[in-house]
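The following pair of complexes shares a single chain, chain A, combined with chain B in the former and chain C in the latter.
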Partner chain A sequence: MSQANFKFEKSDRSLMERLFEPPAPGKMSFTGNLVAYALLLFWSAFVLFPIYWVIITSFKDAKIVNEGPYYIPFYDFQPTLDGWRALTIDPDCGPYAFVHQIGVNLYNAFAYLVSPLVTIDRMQPAICKVLLAYQNSLIISIFATALCMIVGSMAAYALARVAYAPKFGNIVMFVILALGSILTSTYAGVHWALATVAALALFFLLARSLGRFFKSTLGNNDILFWIISQRILPPIVVVIPIYMMFQAVGLVDSHLALILVYAVANLPIVVWLMYDFFRSLPIELEESAQLDGATRFGIFWDIVLPLTRPGFAATTLLTLILNWNEYLFAVFLSTAKAQTMPIMIQAKNAGERGTLWWEMSAIIVVMIIPVILMAIFLQRFIAKGVLLGAVKG
Partner chain B sequence: MADGAMIKPGVPVSFNKVQKSFGSVRVLEELNLQVQPGEFLVLLGASGSGKTTALRILSGLETASAGRVTIGDRDVTDILPKYRDISMVFQSYALYPHKTVAENIGFPLKVRKVPRAEMQAAIKDAAAQVQLDHLLGRYPRELSGGQRQRVALARAIIRRPSVFLMDEPLSNLDAKLRGHMRAELKHMQQSFGITTIYVTHDQIEAMTLAHRIAILEKGVLQQLDTPEQIYNNPANLFVAQFIGSPPMNIVKGSLDSSTFQAHGAAVAVPVQGRVDSAVLGVRPEDCTLAAPAPGGLTGEIYTTELIGDHTLVTLKIGGDFLAVKASKDFRAAPGQVAGVGVARERLFVFDAASGARLT
Partner chain C sequence: MAITTETISQPGALPAGAMQRESWGEWSDRHSRTFFIAPAVTLILVFAIFPTFYSIVFALSRVKFSPNGLVFRFVWFDNFKTQFNGNEQAHFLGRLNSISIFGYVFSAILIAAVLWWYFRALMKSSVVGNIGRLISAAAALGLGLLFAATLLSGNQWGTLLNTLFYVFAGCSIQFVIGTALAFLCSQPIWGKSFFRVIFFIPLMITPLGIGYAWKMILDVTKGPFKPFWEFIGLGGWAWSSDAWAARWFVILGDSWQWIPFIFIVMLAALENVSKDQVEAAQVDGASSVQIFKDITWPQVVPVAATVILIRMIEAFKIVDLPNIMLGGGPGIATESMTLHSVFLWRANNMGDSAAVAYLLLILTVVVCSSFFNYVVLNQLRKAHA
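Showing the complex of A and B:
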């Protein structure tokens, strides 16, 4: 090959070369840039249009929606505040009611805190349904996410760093004894607490004695798969049993029920994601901390968590969004007091007047605001390069 | 605080019949090793020799499959790492990237809940020992490799442990810095008098740093002795070939009474017996170039390399290559035939099959 094929000057390059060849290493060719930006623009429009559509629909009224589609406010149609007025037209939803409700809630929280010492009657807030649902959504998603992240990340860390070897025989024994305790308490009239305690005691006794003879063990991968497999199950399959369970303990339509269910439902995702983040940490850091005298929890808190912060933030955001948007469990487990925002939105779909798109859009706009704020807030932590300088020479 | 008050007298360390297997793979055969108080002991071996495993068993990061480990008069075999009173420097340094240099150095004291003022003083003191005083506010990512190495060292010395463990601490540094840090390490160990166990695959590090070297191969301790003895008196063929740069010359042949025969040459050796397959070993500096003589080792010059203070001449004798250290003024054309004279008292004869030394 001759040297003449190399073009050192820009002007030497033919039109085709200028179009399709990168001008320098690490850059993209003109055509490459064009295609990349065209695709990005198309995709941005694809993603952003629904948000735009929801926002303008919240400023439409019945007539505009039915005549539509109209795309550009002031040009295509005259925006109205009908949708937004519906949110506040309820006398319990005005600005005064809003402040009042916050005050009542704070008062009730105080009353609850001092209740072991002094009994103070709770106040009944004037119920603004949207505000109540908003409040419920916030409480349930934040607590469910927190619970899920705490339990999930610790479980993931344990699975990533401690080798477990539960004996298969012991697991089978546990399942048999659990079934036994359920059957005896249901059909033989034994008190459930007694049956549980007896079964547990029997299990520990047998696991200590018989367990020695069991050979085959499961490993961390089996445990991990077991946890992830919980997510493979469609939620609709378990929603009726879960409803009956919470009904039996009197927790239907309570925050606690939804918090627990959401935390359990998202646990597999958290464990799965965090497991990968923990596994990618260089183990020398933890070994060094161990030799320096840190406890297992100290290492997790002081070394591991700060280093997995990007992954932790991303997982938190994902879990928060999943909890915030959850509909199926909410529709079964909440009837009035614990209703969440997705239920409120769905409620605008029914009734003799058909779907009230403008009111629904207004609620949706209100609903997506916290998620966007949260994404912006967590964005700062989802940055790379935290591990720089750890183990590279 | 007086310097002397902080120095702990060195403690002995011992491995008693320590074994380690990973599944069916035996990485450490029965290891017996007594380390003297205040000794600088180097575990030397190629990768996979079991040297790092031995160190990790002593640190408690790995548990022995069998055998006991003691530090001082305590059996630590089943004790958690943090109660063993050891500190370790890792090959990768293992600095906490989200902590400043000061926080990194002070970490062992922080987890022990040492009062703040005392900790600050100790950090300053340890940092001064490794000349890091001016970098205490920086993060590890802002430091050079050598500075990171010093932070790791400072974190190890701040606590004045009974035993230092070092796992190839210098191998990530460039050659010049490595030489410098080697001298500093040796000086530091001497002034502290703390028992130190140092793992490396670099024989120069081992020779220069160690009071005694333990050479491991395939999980078996080959020789435990001072650098001089290891060099001058190798226990077997493996040690003889492993130590020395360039390595010891090896000539394959046979031993008959006190004559070693190879490639038509006969060399008188100080050993009796008859071995069909034997190996003659002689170090390049114990060979001299001479005029070819009948019955002597004779070969063609293959290459000559001027090293600086000497010339390394490689001869081809039959199928074997033999290196000779000649004077720096030596000049010869490749292909020229030369004889090799060997110092009789500096010869080693090994059994080729077992590697056992016969002289």
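Showing the complex of A and C:
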């Protein structure tokens, strides 16, 4: 048997096999290297070219764009700042306006803080659309990420460490009552707030009284699956009812609405990834802390979170980027005051002068700069395979 | 068994029966198991579950605007009937004029294949398993017959098959290229980390930016490839008015963004493959094709199946690229179901909009859970066996 393994000689192999034969284990043949580099360089060009093209187009003007393709700045065209000037052509968009707007925001924040004691009139922020959208995007994505990470990692930690046993009957009851409140408020004309409060009160009453008779329960895995499976839900299914809900409480086109919705949209990802990090931690550390009298919150905050720092950071960055790029919810829920960057870019395109490629490119560059910086930072974690654990299932 | 706060009493606690008002800290710690999970569950109930139920009401009603808000009139499944058999049929399913000979041949083969697949395991699996297989089989049959009646018969197809085209064509292209790149980067070559950073970037860029960037690049009259278009004699050609070119350009933009996702996950999986086995096989004289087929691939297949599933789930939601690149046009050629629903909403047709959204939800759940049950679970079982 062992002789058969050593039987074949070089001449038995085809040309292809000889070309790609590694000189030693763990090395690559010259031809193999050549092909690999050719493919990798081709793909790098494919990836980088659109970004390069957007950047150079932002330094062109109408004439240069319309006369035909020019590829290299200073060599075949003279770069101009037309696209960038268009961003600041609005009198509210200069450097002075920028500082002014920061001041106005600080003033408004102060006015909000002291509002229980003294009422101070808020100042209207300047209406530089680009700046406003940029600021909205920053506020919304940062707060939504923070909310999502706090809520999501707490839930993930609890699911990894505490045994839950929600009763099946209670869940069925909740669903029936929720449907009842929806149906009465839409078809029977009951006010939605009344229907909701009545249904909730009835649920707690029944869960306390009837709940004792229900026997079958669900486990942690069911809850985890339920939370993660929310990611399958296409946003378009929920966005119209969410719009109606926010309209009912007067929150359409507000930061809060977008923050809440973005946080929920990314909650499944956070719970899924963080659950895996928490589960892989040794439980002994937490047990000894508990014996020393630490509270659950203390254990979570002081011991568990610092231990999962790489995973936590990677998940935060991922969520931040997803929030920064979100499109569909913003289309429905932000019209003017809370308009985010994607919506502003789209509105810019629909101007009466047709698409102004140089302006558009400048805005896109502004929008992707922070994201590319984050990508390079996130790369450190990706290289470690931080996110692989969850995918392996 | 996980620890719960109730099971451990504090050392130095007061003897039983001693009355003491517990502090806020103690009270919150005693209920910490509720506080940890309640925010997440509440958020999901309010912003995902409740709207999903509410959406049923929209989908089953004719919604009218009135000064006091919306007025709902219950119409059973009329909105769904409109999509399948009414005046939205051409938009949603496509034009079902006449079925060609290819269509009939394909339908016959498909029916035979689905029946064989269903009855092969009829006796072996449980009742729930059989119901699941029945749903999957019915979905495959319905979509396949629709495919035969539209594309194979030379008729235009609608947003339903557009969405499936983005999902299946997009995912397979992205998976093949992403895995190939990951395989190249897992080889012992110099400058790996450089390529890794570069390849990772598109995933982070906003789909809107990608849409505009590709729109500029593919422009025939002003784009960078103008000399090339003129050279092959397509100087005056507008790809945005050709249905298939437009669809493939959407796939191009989508792939540019999502190949990095497949790439990073598959790269991590490939680097987890044990080096010893590969080198031992090399010493034994196995060719690189054999090594890949028999050693590397079986170890990464579970990750591959999972990553395709994740990608599929996201691909069903596609809306921004077709909207930005072409506004769903030419005609309805690149309109996905989400975009279809958005357009119906803009036309104040909320009932139909919700019905299309619900059909998308059903389609996503059926396709993804079929894929999960018959592909991902199988691979995971094989890997653990």
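Here is the rule we go by: the second predicted complex is superposed on the first by the 288 of 393 C-alpha atoms of A that agree within 3 Å, B and C clash if a C-alpha of one lies under 4 Å from a C-alpha of the other, contacts with A are read in each partner's own complex, and residues count from 1 in each chain.
Assume a residue touches a chain if its C-beta (ideal position, glycine included) is under 8 Å from a C-beta of that chain, and two chains touch if they have at least 3 such contacts.
What you see is a predicted model; the values in this text were computed from it and never measured.
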item	value
Chain B versus chain C as contact partner of A:75, first or second or both or neither	neither
Touching partner for A:213 - first (chain B), second (chain C), both, neither	neither
Chain touching more of chain A, residue-wise (chain B, chain C)	C
Contacts of A:152 with chain B and chain C, given as first, second, both or neither	second
Which of chain B and chain C A:306 touches, first, second, both or neither	first
Which of chain B and chain C A:293 touches, first, second, both or neither	both
Where chain A meets both chain C and chain B, residue numbers	287, 290-291, 293, 295, 387-388, 391-393
Contacting residues of chain C [partner chain A, same complex]	1-5, 8, 10-11, 25, 28-29, 32-33, 35-37, 39-41, 43-44, 47-55, 57-58, 61, 70, 72, 74, 180-181, 184-185, 187-189, 193, 195-210, 212-214, 216-217, 222-227, 256, 264-265, 268-269, 271-272, 275, 278-279, 282-285, 287-288, 302-303, 306-307, 310, 313, 316-317, 319-320, 324, 337-338, 341-342, 345, 350, 353-354, 357-358, 360-361, 364-365, 368, 376, 380
In the complex with chain C, residue positions of chain A that touch it	5-6, 8, 13, 17, 20, 22, 25-28, 32-33, 36-37, 39-40, 43-44, 46-51, 53-54, 57, 65-66, 68-69, 71, 151-152, 154-155, 157-159, 161-164, 175, 178-179, 182-183, 186-187, 223, 227, 230-242, 244-245, 260-261, 263-264, 267, 271, 283, 286-287, 290-291, 293, 295-297, 300, 321, 324-325, 327-328, 331, 341-342, 345-346, 349, 357, 360-361, 364, 367-368, 371-372, 374-376, 378-379, 382-383, 385, 387-388, 391-393
Complex contact set, residues of chain A against chain B	282, 284-285, 287-295, 298, 303, 306-307, 386-393
Of chain B, residues touching chain A in the complex	59-61, 81-82, 86-88, 90, 92-98, 107-108, 111-112, 139-143, 145, 148, 155, 159, 172-173
